[in-house]
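These notes open a run of structures that come right after.
In the two assemblies presented below, chain A is common to both, partnered first by chain B and then by chain C.
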Partner chain A sequence: MSSQSEIVLTKVPVPLVAGFQWSVGELMEKFIKALADRKIWGVKCPECGYVYVPPRWRCGKCYAKLGEENLTELSGKGILLSYATAYVELDGAGSFKDLSEPKPIGAIKLEGADSTLFMPLGEVKPEELKEGMKVEVVWREEPKGELADIKYFKPAKR
Partner chain B sequence: MAGRVAIVGYAQSHHQHDIQMTREDMVFEVAKGALRNAGISREDVDTVITASTDFLDGRTISNLYTSMAVGAYLKDESKVEEDGAFAAYYALMRILSGVHDIALVEAHTQGSVVNPHLVSSYTLDPLFERQYGFLNDISAAALQARMYMNKYGVSEEQVAMVAVKNLMNAADNLNAHRKMPDVTVEEVLNSKLYYDPIRELTMSPVSDGACAIVLASEEKAKEITDIPVWIEGVGSCQDGYLRDRSLYKLDSLQKAAQDAYGMAGVSNPFAQIDVFEVSEKYAHEELMIYEALGLCREGKGKTLIEKGMTGKDGEIPVNPSGGALGADPICATGLIRVVEAAKQIRGEANGYQIPAYRALAHGQFGICAQKNVVFILGSE
Partner chain C sequence: MRNVAIIGCGQTKHSARRRDVNLAEMVGDAVWNALEDAQVTPQEVDAFTVGNMQGFGGVAQPEQWLGDWIGAAGKPVLRVATGGSTGGCVAQAAFYAVASGLYDIAVATAWEKHSDSKEPGATTGLSHVALGNTINMINCGLSFKHLLSMTLVGAAAGVACYQAMYYMYRSGSRVEHLDMVAAKDRRNAAKNKYAHLQWPGCTPEDIAKTEWVAYPFRYGHICPASDGASAMVLACEDIARKRCKKPVWIKGLAAYSDEENQIMSEGAGGIGILDASQQIGATMSAIKAYRMAGIRDPQKEIDVAEIYQPFPNQELIFAERLGLFDEGTAWRALEKGETDINGRMPCDPSGGVNATNAIGSSALQRILECALQIMGKAEEHQVPKEVHNAVATGWGGATNYIAVTVLGDSPY
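Presenting the complex of A and B:
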């Protein structure tokens, strides 16, 4: 089939806009509210011991049901499993725009957790990032019980 | 497998950015092309399985509108919301059920319609990862690449060598999108950084394209063609969500490959499979794919690329067509691998033919290749 490069078809912009409202679930609600007290909750599977953060109602690994009684507080400290540096960001309209300053991001394993957290990193230069680096959470000045209470993670003080 | 099923026809578009064709025309061309290639007509088809993603299509239940373009009018029809290679698996099962004899499988995406990397961010948990705004398939791939490279001492040059191999291979493939016959490691390493270490030339291009195949039961396949390409084995596997998996290896691909090898009676893929067509959406992923397919030990993918073993003239050619780095019309990409593998077996890979009796095709879907499907195809 030919590419028909001599023809240029007209385009019409057709937005796909819809608002969605999801239930966060009870454990996630507790997780979000606890952020106001600078606490991070995970949930530990009573059968296989896997610790999910944010908490989930069920263990996908061993298929057990988890509940409030399985909530476990995590320290907010962890290690950097991996890192990357963003040079671009999506502008929300579908285009990439160049960042004026590169932003480091991290894959973090909190102490006592098994899930990976994907978080922005701060107070660190991209070239200083190292696998296994100890990191800790930086809270918003006045946490309100919202996800935005976790501002970013930074290298932990020794 | 209970009965035998063969690929008896195929077609694909000339993948490119912003193909000058409506989605429906693109779908029609490959569906009609695959039937023509098989030498059968729409009336001979019992069931039609398509693959695309509603969000990438910008329409919900998008097969309602494309059903007539794909030839499904008044026929059994279903859609897979992922890669066409999964649709091929679905079609295979429909034939094996004994209910249908001939299936048409079609997959497409026009990546130019909306930024597919934006769409990838909508596959994330809306209550958590999505809220921070920086995570999408490229940034996640960057975290995966860095983890893999650190763990096994893989250099950026070794990753770039995968891009060089595939982009040069794409230059020989009429259907490929990004053809770079003279590309060098330096050029790859100087290409635009998106999320370090992922660069423009170590990630797949945004392509428009479509692909279709015709599958038939053993009896019908022998009537239709003298060169059936038999499906000897297949395996498919889903990993956990991004937060809860080991990103430095592809566990679900390993499992899918083992299942497919078992079904095909393959015990040593390195020796028993002649050519591999895999869906590496990022250059580093191809090294991880070598390992998950059992072509080398964990962490030794770098040795295969460095020694040129996966080049066209190597021991185990991988992606002589240029792979996903050469063209990535997202939902069609895995099905294109099936077609490219079938072309190798039929001796129709003009310009990049490898002497092949048995080939492997791989499709994937989801951030960091969460879900994988593997086909083993053969001429016997």
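Presenting the complex of A and C:
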């Protein structure tokens, strides 16, 4: 082990802070604001029929222009395509810390949608998760029109 | 090597905050406008070149997000990032793609979305770039305070202060000439519907009334930080002649990285010289590009120039480096109105970077504006004379990178 006095280079602090405020665009803004009414908007391509959630205004499949008139409401129910479970999280100081309980995250295809959403899963133990299982959205108590309004997805009641 | 022509141009409206679109949507708009102008479908495009100023907007791999917004899904995409000259290099990369015979139709697109940075203007982006460029010096034990005491302070703006001072000293020009350039560019921008800072009837006296920022610059001298994107469709000769009434040929090009740049200059342990107004890379790029284009006397053969000039002294310096005026005389031509939109050698009839600076896009826009002038499609800011040849520049990197492109109405 080298002692402190043997370290030649000293730390040079850099007085820079980088902050960002990305604009999301008009359709995505509508999507976010509609969450306040517990609504999930997708957009359906009038040319090829592909349904995107969240919505976008150019079809990535056939390049047709999409607009507000192509918005379509989705039910908030879907199918779990795949999942992962986190046991640690970042501690904000460059390392990891253990989670008090495991956090499952799922790739979810909503009913009527073609694209996939990645969302936390709740009210379920990791060992109960299964590809293809039905899930449904859980809203936060007082939605405010922000992404955090979707609390998590839970297994759907039969 | 094959002849290559620009067959379509597209851009977005530029403003301080395009909060109505996200980055992918904004770039998509420019690309779709270019495809529409060229009457080319996305399916016909063989390859894409893309780029913005590295680190700006805080999106590290923008091409990944953009791909299926610009029609590039499943197609070759080459990303280029050379700081402020990015757009010029993006266009040149598309030229190579087609000239080499590898692809028949290529789309070049470049952009900047300054408003995605949280601090006013481009501070966040500049912090990124400054850090990347200066980290080698920090590694050598130089403190940040020491770096700031050198010409790096204020990034491009700091360099431009010295550049303007050196130029005014050796040419005999004065701050009043900076006022004249800026006023002309604001007036020109008022005729360009896509431009950001539009000021119809702006006079040098108006500019001289604005507050000082850093001597010799006033607020009125300095470019804005704009959100916006531009795009061009490039095609090989067969397709260009079949598909476009008036293709614009890329006749010559070169891009030099200049060792005299500030960061590796004498003050920072490099071998470069300190005079930022020399811009040897611009001279070398111009000589190379003119030779390739068969231009012997640019003063006679070039009809219009679109010069990268976020600071007004740069229009004068680069005009001389491009051989459009004799050494140290561009300001005299400016006084006589020769660089006006209806002058003998119009410089930046679009208003240039001084009026609109979506950094990554700015150097591509210079080429695009030259193309519009040759096609006769510049609308209100079309110069009132026949345009056969035009020259465009880009300035960037860490103030070291120069891209010069010569365009014409015939490939020969």
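As a convention for this text, the second predicted complex is superposed on the first by the 138 of 158 C-alpha atoms of A that agree within 3 Å, B and C clash if a C-alpha of one lies under 4 Å from a C-alpha of the other, contacts with A are read in each partner's own complex, and residues count from 1 in each chain.
Methods note: contacts are C-beta pairs under 8 Å (C-beta built on N, C-alpha and C of every residue); 3 or more make two chains touch, one makes a residue touch a chain.
Since this is a predicted model, take the numbers as computed values, not measurements.
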item: First (chain B), second (chain C), both or neither touched by A:Val24; value: both
item: Contacts of A:Glu131 with chain B and chain C, given as first, second, both or neither; value: first
item: Touching partner for A:Leu81 - first (chain B), second (chain C), both, neither; value: first
item: Chain B versus chain C as contact partner of A:Trp57, first or second or both or neither; value: second
item: Winner by number of chain A residues touched, once chain B and chain C are compared; value: B
item: Which superposed partner A:Thr72 touches (first chain B, second chain C, both, neither); value: neither
item: Interface residues of chain A shared between complexes with chain B and chain C; value: 9, 14, 16, 20, 22, 24, 28, 60-61
item: Residues of chain B defined as touching chain A within the complex; value: 13-14, 16, 19-22, 29, 33, 55, 58-59, 114-115, 117-118, 121, 126-129, 131-136, 139-140, 142-147, 150, 192-198, 240-244, 247
item: Contact footprint of chain C on chain A as seen in their complex; value: 9-10, 12-26, 28, 56-58, 60-61, 63
item: List of chain C residues in touch with chain A within their complex; value: 17-23, 25, 28, 32, 42, 57-58, 68-69, 71, 73, 113, 115-119, 124, 127-128, 130-131, 138, 141, 143-144
item: Interface residues, chain A side, partner chain B - complex; value: 1-5, 7-9, 14, 16, 20, 22, 24, 28, 50, 52, 54, 60-61, 81-90, 94-96, 102-103, 105-107, 114-120, 126, 131, 147-148
